[in-house]
Amino acid sequence: MQRLNREAMAARVAKDIPEGAYVNLGIGLPTMVANFLPAEKEIFLQSENGLLGMGRAPAETDVDWELINAGKQPVTLLAGGSFFHHGDSFSMMRGGHIDICVLGAFQVSVHGDLANWHTGAPDAIPAVGGAMDLAIGAKQVFVMMDLLTKNGESKLVKACTYPLTGLACVSRVYTDVAVFDVGAAGARVVEIVDGLSLDELRALTHLPLEQILEAA
Amino acid sequence: MIDKVVGSIQDAVADLQDGASIMISGFGDAGSPHELIDAVIEHGATDLTIISNNAGAGEHGIAALIKANRVRKVICSFPRQAASHHFEARYRAGEIELELVPQGNLAARIQAAGSGLGAIFTPTGYGTLLAEGKETREIDGRNYVLEYPIHADFALVKALAGDRWGNLVYRKVARNFGPIMAMAAAKTIVQVADVVELGSLDPECIVTPSIFVDTLVRVVPRATAVAA
Amino acid sequence: MQRLNREAMAARVAKDIPEGAYVNLGIGLPTMVANFLPAEKEIFLQSENGLLGMGRAPAETDVDWELINAGKQPVTLLAGGSFFHHGDSFSMMRGGHIDICVLGAFQVSVHGDLANWHTGAPDAIPAVGGAMDLAIGAKQVFVMMDLLTKNGESKLVKACTYPLTGLACVSRVYTDVAVFDVGAAGARVVEIVDGLSLDELRALTHLPLEQILEAA
Amino acid sequence: MIDKVVGSIQDAVADLQDGASIMISGFGDAGSPHELIDAVIEHGATDLTIISNNAGAGEHGIAALIKANRVRKVICSFPRQAASHHFEARYRAGEIELELVPQGNLAARIQAAGSGLGAIFTPTGYGTLLAEGKETREIDGRNYVLEYPIHADFALVKALAGDRWGNLVYRKVARNFGPIMAMAAAKTIVQVADVVELGSLDPECIVTPSIFVDTLVRVVPRATAVAA
């Protein structure tokens, strides 16, 4: 089985982002998607701490700690980029203006419920940041995650057991072994990596999955 | 390459449809996109709902749209101006519906739409005719009226300058409703006096970031057009 | 009786505006107050169409129709003035940031109810503009009006008969013959013009007025 | 003449009181008014409620305030950062109360306070732990949670430059919560790297108009201070 590594997953997500899209990439794994957006396409990256038109990481000598992304990493601003306050930034995110948001997850349900902010561990200090806003605000929410936990349990589930971030908000899930559409109709398989059968995927997830043909 | 600038004002409004709701920037003439409104008249769309501060005065702008009998309903704060005779005539004839909204509620409801809020408890209008029949609530000893967001299919906005991504700056008080309407419409169409190179607008001074703008068209200011 | 003319009323209101105050002057008579603000005091005039730090009318040759006040008259901007959109402008007005707002009125009740937007005439086209926002948003709302209508009826009333603009919002009423404080305690006379007695004022208003001493 | 600039950072925070609620700008270190926070520690006020995006990290800023045991409650979206050990220790010891608010609700509730709204129906958090016990409502087929404004006695804000009236401009993403907190506090205290002449800030580019600012103090940027 040709399991995708992190770079390959990021490249796969990047393939689904069209030119002209306004995109927010969540902290962590989703940030890597930026590295795979084709240079010839103009795609607008928004960061919730107040910038639109985010560019790549700067050279070490050009680091400006007042020009960082939501993950507090130094970034650059493209020509045509802009700065704005947190009110306007979250209006973009909550008002339906972001076309695509890419997030990591602990679990996603077949109906698109998302759990990605809290493990529910009783001693954990809760922290939510912008996760719940991103989950409900973008036109499309993509999730990137390994399909299985380290213990081999599917993170694509019938119903989330972790505390929810948002209800019925995810539209597509990119994993290391398959891509799924999720939503009202349940989970459907869009792509499987070479060497993994649909039956094997059903066995991994314990879900009655069907594959759909995607228009190329 | 993304270029939101279209070549003609007719192209800018090409996908208007009958029955559309349209926000129109401006406070009186300042910031009113007269040329885009002329293009709407030329386009022919009718049965429109107009959301704007005023209901037009004189013979241009919203007044011309009303005169051409394209407007079914106006949502505004101040329809009664000197020379608002076209609105008055249609209104008195029962040919146009009016939803009168206090100016601050108009702004806040437009902002609520742009920001994804479901409803807001606003202090303005409580205990008045304009809150009749509306839900009210006392919160921390003060009374509020529940008001809902105002969305629109289109916003027609006048700005000073924009770039091909759609970033905008305005001029003086012509800014007024432009930035908040641009956030609240499904499609925002902007007329600018100048299209400038990408990167030439100071990122600290951009008033409307590109994400809120769909289409730009350059409109030569009237005075210049006459001189040219 | 030394009835105050419009200029004298405007000057009287101006006397109560301290240096550093953020002030909105309503359309019509209140606009005249600007002419009587002492030049040596810095007072900040806000106009709801998006400017703060409004200056006097420009020379005719300097008129800019994108630099007007809420009454759509040409104005100027002082050094230190700023422009902003309608959302921010009404946040100033509704969020309690304006210190004093001066408005005209059809009627004011002894408890501070204001009626200034609609005569209630059945054939009138209603128009409200920012009147209701100004009435409820400023820290203090001053009203300027002649005490009597042309028919000799008092515009300071026990209860407004015209449609209300706002409830219990006015704190002080400046008229051509007297200045009143209004509010929960009812109307109290702060000043009377020379040649008019308190009893005569009671007769004009049909109100059981008492005079209060104001700290000079 | 109005001059909101005070001569020392001690003067800037002089009227703080025990039990005060204080908004503090910043997203991580960017835009955090570290020197004003140091002045709060020096001032001695305690039993404070802090409203900010984070709960401090490392040894400076909000972390130092918590370390000094001045904070009773934190209202924030993301208290768990690398090196947020001072918050963690107090929180685990039950010495500090936490109200966790999704970042967009935090921004919107601060804006509601600054704008005079009584409450807002917000889409974020519906169906989650953070909405438990809160009023909800379905509006136009979507579910919302009722959230109330967050006011504060003071806002401590870091800006790039200001003038004696209190007009402000910011630098890059250090802008973040500054402009909206300045609108929501009874008293807004700002540290700026530069105090500029009145009229030298472009009126089209002023981000925070003077009406939202009460006190300014010039704080020489750290790097410059070392060099000087």
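By written order: A, B, C and D. Residues from 1 in each chain.
We adopt the following convention: a contact is a pair of C-beta atoms (placed from the backbone, for glycine too) under 8 Å apart; a residue touches a chain by one contact, two chains touch by 3 or more.
All of these numbers come straight from a predicted model, not from anything done at the bench.
Novice: Can you check which chain pair, A-D or A-B, has more C-beta pairs in contact?
Specialist: So, comparing the two chain pairs, more contacts are at A-D.
Novice: Starting from the Cα centroid of subunit A, hunt down the chain whose centroid lies farthest away.
Specialist: C
Novice: Using the average of all C-alpha atoms in each chain as its centre, how far is it in Å between subunit B and subunit C?
Specialist: Centre-to-centre distance between subunit B and subunit C: 29 Å.
Novice: Whole-Å distance, subunit C centre to subunit D centre, using C-alpha means?
Specialist: Averaging C-alpha atoms per chain gives centres 35 Å apart.
Novice: Hunt down the residues of subunit D that sit against at least two other chains at once, touch-wise.
Specialist: Touching at least two other chains: 108, 111, 115-117, 122-123, 170-172, 204, 207.
Novice: Please output the residue numbers of subunit A that touch at least 2 other chains, ranges allowed.
Specialist: Each of 77, 83-84, 87, 90, 94, 137 in subunit A touches at least two other chains.
Novice: Of all possible chain pairs, which ones touch?
Specialist: A-B, A-D, B-C, B-D, C-D
Novice: Can you list the subunit A residues touching subunit D in their complex?
Specialist: Residue positions touching the partner: 47-51, 64-68, 70, 72, 77, 83-87, 89-90, 93-94, 118, 125-133, 136-137, 163-167.
Novice: Would you mind writing out the residues of subunit C in touch with subunit D in their complex?
Specialist: Interface residues on the subunit C side: 19-20, 22, 42, 44, 46, 52-53, 77, 79-84, 87-88, 90-92, 94-98, 137.
Novice: If you look only at subunit D, which of its residues touch subunit B in the complex?
Specialist: Spelled out, the residues of subunit D in touch with subunit B are 108, 112, 115-123, 137, 139-140, 142, 144, 148, 169-172, 202, 204-205, 207.
Novice: Which residues of subunit B touch subunit A in the complex?
Specialist: Within the complex, subunit B contacts subunit A at residues 1-2, 111, 113-117, 163-165, 167, 183, 198-199, 201, 203-204, 206, 209-212.
Novice: Across the complex, what residues on subunit D touch subunit A?
Specialist: Those in contact with subunit A are residues 27-31, 53, 77-81, 87-88, 91-92, 98, 100-105, 107-108, 110-111, 122-130, 143, 170-180, 207.
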